[in-house]
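You will see two complexes here that share chain A, one where it goes with chain B and one where it goes with chain C.
Let's turn to the complex of A and B:
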């Protein structure tokens, strides 16, 4: 256990203390204690910056289950560090914000902070671990913590619905991912990511390459809300706003991005990886931005905007993975997309976090998030309005904010993709920038809608539930203002990030492309001259403004009036259908009738054994070893058959008992014929007692009636019983013939030989029962004892149904 | 002889299965009792029905029949008797408590 291990696990350890702090220190808001942890971790992770900048990596080992190759190995390079800083940095701000957002009187803060810390620790584990199985463990903990946080107000039906939905979808993806990881282990024999990257060519050449890749990507796409798995994210907006800001904008939804970036070194350079990720990302980008325009709820807009921005980052990772194909690190043509992805990842975390917090403030102060009821808040909430303006302008991609820079780089990366000349890009490639551009127009549009509908226009207090609307308390504003300042800072001085964070992260995503001592060329500027990207941006702005101004024309269309994503219907119908289908299947087969279950059992055995016998050319008969039949046996057999066949059809109780007795006594007679005196004796006694028991029981039981069954059921009964009997007969005959031809001597000769010598007994059967195989007899006595006790308790104990048994 | 006994056992199995598939509890118990007869006959048949003496040393020739299946059957007879007895008492108590021995009526609600 090194310092780094303790740092990763520290949130879990602190989470244990939270309930005690909440219970015994009621004067102070619990959040203040929590705040120390992410802040300390943030400072701690900042200390690694200098080493990753020089291209060094830190790795710490800790054996967990070494025999299975599962080790809790931590590994810090530029990519992990970027995510760790995001998690702890945004975590600090979110905890600070939540201290003012959640009241310590009305809310159960102990739950909230325990879940939040659990999530933080799991997320750190995901980004710092080097071992796939450890990543999977932490991955599922993030799913669980996220569901707990979404359903924080568990009294609300919608919270529960959203939590369930996110749980099902992300856990489905997580399990697929586990399958993918297992396949990778099968291919390369290791769970370590770095060893996998070193063996990337083995993975590439394997026949399991594609299934492993698709399964891993399912995990990444579900977590990162890619199309069509994005439907859980809008419903996750039922969570408290700090949770939405933290989980559903900055950290958890980027776990899938992290996974894709991390495994680019393993799968990158293959056309499947390129196309799957690019297409998924672009579809998500377009679908998310178009859907965001339709939303009326501020958080709904932000949810779909998050979806579309995640799609943007994902598509950039897809396009950038082609750099592996060319193995050329210093040609910006291939690596710009990765640069844009990393840069936009940072930018998105800053502006989306601040926007969520701003929306939380509006919700907190006005009591509504519906843009149809809001308006004119600019003068009432000047600071919130400013922060929102900065964040939205950045999201829309306006200069001088950071969103503009990453949007330019995004266009550059997408345009570059058309020049690769691989993977059929010369024909299909032109679709990529076109889709990206259309999505950007819609992004611009919903940013405008969000700002102007909320802050400009006429203030109408009558629509709000709160009497007196005013600016939020200062504590709530600290975090969004800090993030807003970061947006501006990164916009004005992007090169602060360039070689400290972005370049090491790129080296982490594209391992082994650079020669030792080389660095990616990261230089972000505002002005490139008159290039296509600039005209694209101008086009986005112009078209967006035109669309916004003509909003009154398309506001009445069905497109705008509908809010819910159509894929929700698929999910809901699928969910209901699954439940109804399972119930239907259960209703069909679980009838509650003993007869039906017995028919299943017998039918299955008949089919199975019948098929096996057919397969091995059975039944076989052997007439060699048969013993002769004495004449009187025939008479006995005929009587026996008659009585047995008559038993099921008799409706007279006495007759039934007598016939059953007859069969039992004839069995005893057979034992006499087969020279088994002890058996005959026992059988006679037992049969007598059984007959007496039947008599006693029948005295208390109702009269037997002729069974009323339909002809069909009757036929089935006959078929099943006859075929079952025939099958047993055939199996026994075959077994006997095979046993006699196998030539294995019986072990009984030993008993015959040594019965007198070793056990001092003459009756061989009895010697076997009490001497050679005494255990059977002891336990058989136990069986009889238990039977006696249960009969006594059945008769003696009479419960009315309310006693404590 | 073995073939004949095996066929008899098959007939026993047929009757037992038919009984177990019926609607009244008492017939099901009868079916299980009859099924055990079939099993016992099969066990002794599988050991072979050679002509030999009773498996007691000092009785007749020095070639007794196989004693092991007999020991197994003896154990089995006792166990099946115990099970039959318990089932019978269970049926009797069931009838006392519920007033029926019809399995369809003992089924309870559809959704239980």
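Let's turn to the complex of A and C:
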């Protein structure tokens, strides 16, 4: 355990203390204690900046299950550090915000902070681990913690629904990801990401390459809310706003992005990876931005906007992965997309965090988040309005904010893709920038809607639940204002980030492309000259404004009114259908009738054994070793068979008992004929006792009834009975003939030889029972004893209702 | 010679068994069946006796004795049930 290991696990350790602090230190808001941790971690992680900037990596080893190749190895390079800083930095601000957002009297803060710390620790584990299995473990903890946080107000039905939905979808993805990781292990023989990257050519050449990639991507796409797995994110907005800001905009949904970025070194350079990620990202981008326009709830807009921005980053990672194909790190044509992805990742975390917090303030102060009820808050909440304006302008891609820069880079990256000349981009490539551009228009549109509908227009207090609307307390404003300032700072001085964070992160995403000592050429400027990107941005603004101004025309259309995503219906119907379908199957098979279960069991056995016999060319008959049959045996055998066949046709219970008695006696006769005196004795006794027992219980038995069933069922029963009998006969005959041809001597020679010598008895059967195989006899006595005790307790103890033995 | 006679005897007894079995099946009344069962028991006694001679052994003498007792007990139980409706009557 090194300091880094302790740092990664520290949120879990602190989480253990939270309930005690909450219970015994009531005077102080628990959040203040929590605040120290992410802040300390943030400072701690900042200390790594200088070393990753030099291109160094920090790697710490800790054995966990070394025999299976699972080690808790931590690995810090530019990419991990970027995420660690995001997690701890935004974590600090979110905890600070939550201190003022959540009341320490009304809310169960101990739950909240335990879940939040759990999440933070898991997230740090995901981004810092080098081992795929360890990543998977932390990955699932983030899913669980996220569901717990979404259902924080567990009394609300919608919270539970949202938590369930996110759990199902992300855990589904997590499990497929585990499958993908296992396949990678099968291919390369290691769980370590660095070793996988070193063996990327083996992975590429493997036939399991595509399944492994798709399974891993399922995990990444579900977590990062990519189309069509994005449906859980809008429902996760039932969580408290700090949670939405932290998990569902800045950190957890970026875990999938992280995974894709991290594994680009393994899968990148292949056309499948390029196309799957690019198409998924672009679809998500377009679908999210168009859906966001339809939302009336502020958090709903932000949720779809998050989906759309995640799609943007994802598509950039897809386009950027082509750099592996060219193996050229210095040509900006191939690496701009990765640069844009990393830069936008940071930008998105800053402006989306501040926007969520601003929405939380509006919700907190007005009691509603519905844009149809809001309006004219500009003068009432000036600071919130300013923060929102900055965040939204950045999201829309306006200068001088950081969103503008990343959007320009995004357009550049997408336009570059058309010039690659690989993976069929010559023919299909033009679609990529067009989709990106259309999505940007809608992004601009919903940003405008969100700002103007909330802050401009007429203020109408009668629609709000709160009497007196005013600006939020200063504590609540600190975090969004800090993030807003960061948005402006990164916008004005983007190169502060460029060499310290972005360049090392790019080196982490594209490992092995640069020669040692080389660095990516990262220089972000506001002004590029009159290039296509600039005209695309101008086009976005013009078209967005036109669409916004003509909003009254399309406001009444079904497109705008139907705010629910159609995939939700698919999910809901699928979920209901799954339950109904399984209930239907259960109803069919679990009838509660013994008869049906016998049909299943016997039918299955017939099929299984029949197939086995068919497969091994059975049955076989061998008449070599058969004994001659005495004439009278024929007659007795016919009687015996007759008595068995007669059983189903007798309607009188007493007659049935007598008939079974006859059968039992004839069996005893067979034992005599086949020279088994002890068996004959026992058989006679047991048969008689059974008959008497039947007579004892006779009074309590119900009348024999003819079952009223359809002819079909009768036919099935007949077929199954006959085929079962035939099958057993064939099996016995085959077993006999195979046994006689196998040539193995019987063990009974030993018993006949040594019965007298070793055990001192002439009756071999009895010697076997009590001497050679005495243990079986002892246990059978036990069985009889247990049966006796059970009968006594059944008769004597008569419990009622819920009583039990 | 001896063996042939024994075989014939066995066949005859088997035919007896078959005829008794028909009585068990067709009845018509329950006492008919009970009697047939009793007679089957007795026939089996004879059967086993002949088989003992045929196999030249005495190990089945226990079986013969037991069979005679059990045939009696079985018949008794069935008859008592028919008459009283229960095999073991509850004490006073």
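Everything below uses one rule, namely that the second predicted complex is superposed on the first by the 793 of 805 C-alpha atoms of A that agree within 3 Å, B and C clash if a C-alpha of one lies under 4 Å from a C-alpha of the other, contacts with A are read in each partner's own complex, and residues count from 1 in each chain.
Keep in mind that, in the parts below, a residue touches a chain if its C-beta (ideal position, glycine included) is under 8 Å from a C-beta of that chain, and two chains touch if they have at least 3 such contacts.
In this text the structure is predicted, and so the values were computed from the model without any measurement.
Visitor: Touching A:688 in the superposition: chain B (first), chain C (second), both, neither?
Guide: second
Visitor: Should A:635 be classified as contacting the first partner (chain B), the second (chain C), both, or neither?
Guide: second
Visitor: Contact-wise, after the overlay, does A:675 reach chain B, chain C, both or neither (first, second, both, neither)?
Guide: both
Visitor: Have a look at where A:752 lands relative to chain B and chain C in the superposition and call it first, second, both or neither.
Guide: Once the two structures are laid over each other on A, A:752 reaches chain B alone.
Visitor: What is the contact status of A:13 with respect to chain B (first) and chain C (second): first, second, both, or neither?
Guide: neither
Visitor: Name the contact category of A:782: first (chain B only), second (chain C only), both, or neither.
Guide: Once the two structures are laid over each other on A, A:782 reaches no partner at all.
Visitor: Applying the touch criterion given at the start, work out whether A:579 contacts chain B, chain C, both or neither, answering first, second, both or neither.
Guide: neither
Visitor: Count the residues of chain A touched by chain B and by chain C, then name the partner with the higher count.
Guide: Per-residue touch count on chain A favours B.
Visitor: I'd like to know which partner A:492 touches here: chain B for first, chain C for second, both or neither.
Guide: It touches nothing on chain B or chain C.
Visitor: For A:43, decide between first (touching chain B), second (touching chain C), both and neither.
Guide: neither
Visitor: Based on the A-chain superposition described above, do chain B and chain C contact any of the same residues on chain A, and if so which?
Guide: 633, 675, 677, 698
Visitor: Spell out the residues on chain B that touch chain A in their complex, using ranges where they run on.
Guide: Within the complex, chain B touches chain A at residues 1-24, 26-28, 30, 33-34, 37-38, 40-42, 44-58, 64-68, 70-71, 73-75, 77-79, 81-86, 88-93, 95-96, 100-101, 103-104, 107-108, 110, 112.
Visitor: In the complex, go through chain A and note every residue touching chain B.
Guide: 592-595, 598-599, 602, 625-629, 633, 637, 640-641, 644-645, 647-648, 656, 660, 663-664, 667, 670-671, 674-679, 682-683, 686, 689-690, 693-694, 697-698, 700-702, 704-705, 707, 709, 717-718, 720-722, 724-726, 728-729, 732-733, 735-736, 739-740, 746-748, 751-752, 755-756, 762-765, 768-769, 773, 776-777, 780, 783-784, 786-787, 790-791, 794-795
Visitor: Note which residues of chain C are touching chain A in the complex, please.
Guide: Touch list, chain C to chain A: 7, 10-11, 13-15, 17-18, 21, 24-25, 27, 30, 33-34, 36-37, 40-41, 44, 47-48, 51, 55, 57, 59-60, 62-63, 66-67, 70, 73-74, 77-78, 81-82, 85-88.
Visitor: Where on chain A is chain C touching in the complex?
Guide: My answer: residues 630-636, 638-639, 642-643, 646, 650, 652, 654-655, 657-659, 661-662, 665-666, 668-669, 672-673, 675, 677, 680-681, 684-685, 687-688, 691-692, 695-696, 698-699.
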